[in-house]
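In the two assemblies presented below, chain A is common to both, partnered first by chain B and then by chain C.
Moving on, here comes the complex of A and B:
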């Protein structure tokens, strides 16, 4: 039998939860699905050792409150008509919708550099996520690097889990960071948050204009031992057990692309194009939060609420629209401050692996005019991650624009694919 | 937040972790690679959120499972590089 929802929300982070709550408040039959086993998305990810913030606990509670249906551990594999083919670790089925809300969030921009495939090198947000899932960190020396405010949040979480944060290396110049701090009065909540993080990270060196150039292995060649950094004071080596390095966030676009939503440029990447009511170019599809361009948790909450109301056929209060504008202005200021400098794009050399699934080096891609030709000749982007990591990296490095997405969106079981047609 | 633990095996070795920990966190306690790349390099998780597939292992006979996406449950049998 077909399962049908008035509003189906993909993604149980701050945006998706706000959308579900808003739509359910209008009397719509709502379901929220997420590939993760627990709700909260990345920013409100469950921590096995520490209690959630009040905002996270409330947001998750309100966004999953019955009669909202919560479909945990559920990944979207394909789409057809007004239905999505989803799979859980146990089963597969089609879910039909009146309106769909894409709250697919963001992932980290992970860029290649010599040594980045060594065990011990992870993303910055990744380190935070792994810590919250119970990754052993007590006494581990961690260098946090890359760019953006996520570095501070990651360092705070790592510290709370017993790691020794050796340094935070931010690629943006110190002058850009000072200019940004001086303008923070426009967003008092953010100013307060920055001050709080600063206090929690007392004693941890925060180095502007500093980039990790390479990760260096121990004698066995299999484990991280140190990183080489370059900054205003020249080059230096920092001993560490873990490097947490991420260059900001990019929207998760696979489902929006598969559906055929119009997109807009987000730097070298793409974001879902929406109107004032978070409506995409497709009749029954809305989008909210990071999928529409990285805006942060406050922006995601507001856009989620707007999308939920609109998807339920309700009017959107003008106050919400004003607040979205303010939150998006903050996001724009962040992007200007943490824009990547050219040296970040030049870290990988010809023999640096760029496709980690198929072990393809950057040099092997020379002479290929587009991603498709590179794929056919080298298998770049054809492994298990389906080009999620190398595709974003190659777009950022200016090699190839991102290719489209095709079903299955994730590796799927044959029994899932056997559900070829949605029941009507 | 609570003291309950779960026990799984990784390559036949018993590992005990707090309830709610991911399979990835349990494997990390042994310090072994999660998989070998096509050129034979050892790999561990990169993204921590189900995107990179570097943490894929065999769990209870099913290959290609992302260890960062699943909570460890007592009795799970995990084999790396699977």
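Moving on, here comes the complex of A and C:
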């Protein structure tokens, strides 16, 4: 049987949930799907040991409230006409939509440096997610490194789960961080949040202008033992069991690209281009939140609400548009503050792996003018992640712009790809 | 011929092989290619080195070329894997065709053996039950085409050949004019596959779209390139669209799944979900275990297809200085090396190792002109 929704929302993070709530409030038949088994996205990810914040609990409750249909553990595989081919661990189906809202969120930007593939080195956001899912951390010495406010959030979660956070190494210069803090009065909520994080992280050194240059293995060569860092005080070595390192967030663009939405530059990466009503370049497709450029949870909530209203054919209150402007201004200030310094782009050497799936080093890509040529010659980007990690890293390093997207968006069962579309 | 100029237009596997051979013969070679070397049909292809017996001329060319491929078997980046081809008979009727195929292959010196039902499942235990048997061609192999094309270009470059990043605009009286504005003078060899139409519109060429799917790594599930015996009907028939069971174990443990055919002269690279479904349903019928495997990537490519399905290899009718090597349909990788030798022998007015007449472009240009 063909399933048809007035508004189909992809992604059950803050933006998608707000969109679902807003569209359902207009009487539209709405469904929200997410590849994860639980709603909340990354920022509101379920924590096995700690209760959710009031905002998260309310956002998830309101965004999934019947008659909104919640399609958990459902990933998008392919698109055709006004339908998406999706699969769950058990089955496949086609979902038809009147309007589609892309709330596909963001992922971490991981950059290669010597030793980054050692067991014990994980993304900062990944470490946070693992902690929330119950990964044992008690007594583990963790260095949190990279750039951006995610480092503080990750460190807080790791600490709450019993880890000993040795240090937070932020690549942005201390002066830039001070300037940013001085301007926070414009966003009182953020100021409060920063103060709260500061308290929760009392006693943890927060080092500005500091970069992890390499991860060092133990004598057996296969486990992380220490990291070499470089900062204003020179270079030093920090003993640790785990390194959680991420260089900020970039929009998840696979579905937008597959559909053919126009994009705009987001640094060396891309974001979905939208108008004031969160409308993309395609007639029946809207986008909200991080997919339109990293803006944070508040921005995602506002944009989700706007997209939900617009997708349901309703008017968008001027107040929402104003609040979005304010939230986006904060995001822009964040980006200026945490802009990656050239030093970060130079961490990888010729023999550093850049494609982990296929064991391709940075040096092997020399002489290739574009990603496709490099891929055909070296298999770079051909592995299980399909260039999600190395493609983004290579774009950030200024090697090649990011390549396109093709089905399946994620590895999908062959039986799903062969799933017949019901007559609509 | 030392020092004579040869401009090879197109650096797919065929152009690359011709450039390599020509440089070895002492030609002053310039290779014109706007895109990635081996980035067209070569990159989209399965890279199956296969002896197809349904057309005697193609079989002769394939056999000749397969012998030449042995020289690249140890090239690491070629990822040469002698997995053999297992042809599967769905029923007794298809199985009855095997002796004639064995005979045709034996006539050119290719060893193949009949496979009964029991042996079939020993060779490939994952095949669907109740298949009748088939035929094994043990010396068939699999390579990674783009890397070989790059290698051949590098060999030519090591002998002084130049790779020009430009696109040919049109053939002139004594050379070729490029989009960049330059005109190169000399003998021209057009090896542009589907793009042949731009330079030699008198030679009929159609683009035949195909879909391919590659899976995650499942080492050991499949050992041979495995095809249904009906494949030749799909490959060499002239139906508007067709699919055939054709799966390949990659050296990585991944499984590469083909094949579909549909004419698409607009060359729209979009994946067609209905065609993909048809192709996969066909493959599930023979290899049901595929259903539950994860696909990593789906892509499409275009086979350059002449009217009679045979490539054009030889002098362009009515043009003293222009030669062509294009239109290899699904056999470009298999026959590239043979094509290069066949063409160079003609260019140098030497006797050819196999009969060149079936590939003479004049055979079709004449009918078009008439």
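By our rule, the second predicted complex is superposed on the first by the 420 of 424 C-alpha atoms of A that agree within 3 Å, B and C clash if a C-alpha of one lies under 4 Å from a C-alpha of the other, contacts with A are read in each partner's own complex, and residues count from 1 in each chain.
Here, a residue touches a chain if its C-beta (ideal position, glycine included) is under 8 Å from a C-beta of that chain, and two chains touch if they have at least 3 such contacts.
Treat the numbers as computed from the prediction; the structure is a model and nothing was measured.
Undergrad: Should chain B and chain C be called a clash or a fit once both complexes are overlaid on chain A?
TA: fit
Undergrad: Could you say whether A:108 touches chain B, chain C, both of them, or neither, answering first, second, both or neither?
TA: first
Undergrad: Taking the superposition as given, does A:359 touch the first partner, chain B, the second, chain C, both, or neither?
TA: first
Undergrad: Identify the partner contact of A:388: answer first if only chain B is touched, second if only chain C is, both if each is, neither if none is.
TA: A:388 sits against chain B, while chain C stays out of touch.
Undergrad: In the superposed arrangement, does A:370 touch chain B (first), chain C (second), both or neither?
TA: In the superposition, A:370 touches chain C alone.
Undergrad: Thinking of the overlay built on chain A, is A:78 touched by chain B (first), by chain C (second), by both, or by neither?
TA: A:78 contacts chain C only, not chain B.
Undergrad: Kindly classify A:412 by the partners it touches after superposition: chain B alone (first), chain C alone (second), both, or neither?
TA: The second partner, chain C, only.
Undergrad: Pick one for A:37: touches chain B only (first), chain C only (second), both, or neither.
TA: After superposition on chain A, A:37 lies in contact with chain B alone.
Undergrad: In the three-chain superposition, say which chain, chain B or chain C, touches more residues of chain A.
TA: In the superposed model, B touches more residues of chain A.
Undergrad: Which partner chains sit in contact with A:186 here, chain B, chain C, both or neither? Use first/second/both/neither.
TA: Touch partners of A:186: none, neither chain B nor chain C.
Undergrad: Of the two partner chains, chain B (first) and chain C (second), which one does A:117 touch, if any: first, second, both, or neither?
TA: Once the two structures are laid over each other on A, A:117 reaches chain B alone.
Undergrad: With the two complexes overlaid on chain A, what is the closest approach of chain B to chain C, counting only CA atoms, in Å?
TA: 7
Undergrad: Which parts of chain A are in contact with chain B and also with chain C?
TA: 383-384, 411
Undergrad: Where on chain A is chain B touching in the complex?
TA: Answer in residue numbers: 35-37, 42, 46, 48-51, 73, 89, 107-108, 110, 117, 119-123, 125-130, 133-136, 222, 356-359, 383-385, 388-389, 411.
Undergrad: Can you list the chain B residues touching chain A in their complex?
TA: Result: residues 1, 17-22, 24-26, 28-29, 33, 37-39, 41-54, 56, 64, 68-71 of chain B touch chain A.
Undergrad: Spell out the part of chain A that touches chain C in their complex, as residue ranges.
TA: 78, 80, 85, 370, 372-373, 376-377, 382-384, 386, 406-408, 411-415, 417-421
Undergrad: In their complex, what parts of chain C are in touch with chain A?
TA: Answer in residue numbers: 36-39, 43, 77, 146-147, 150, 213, 215-216, 257, 271, 273, 276-277, 280-281, 283-284, 290-299.
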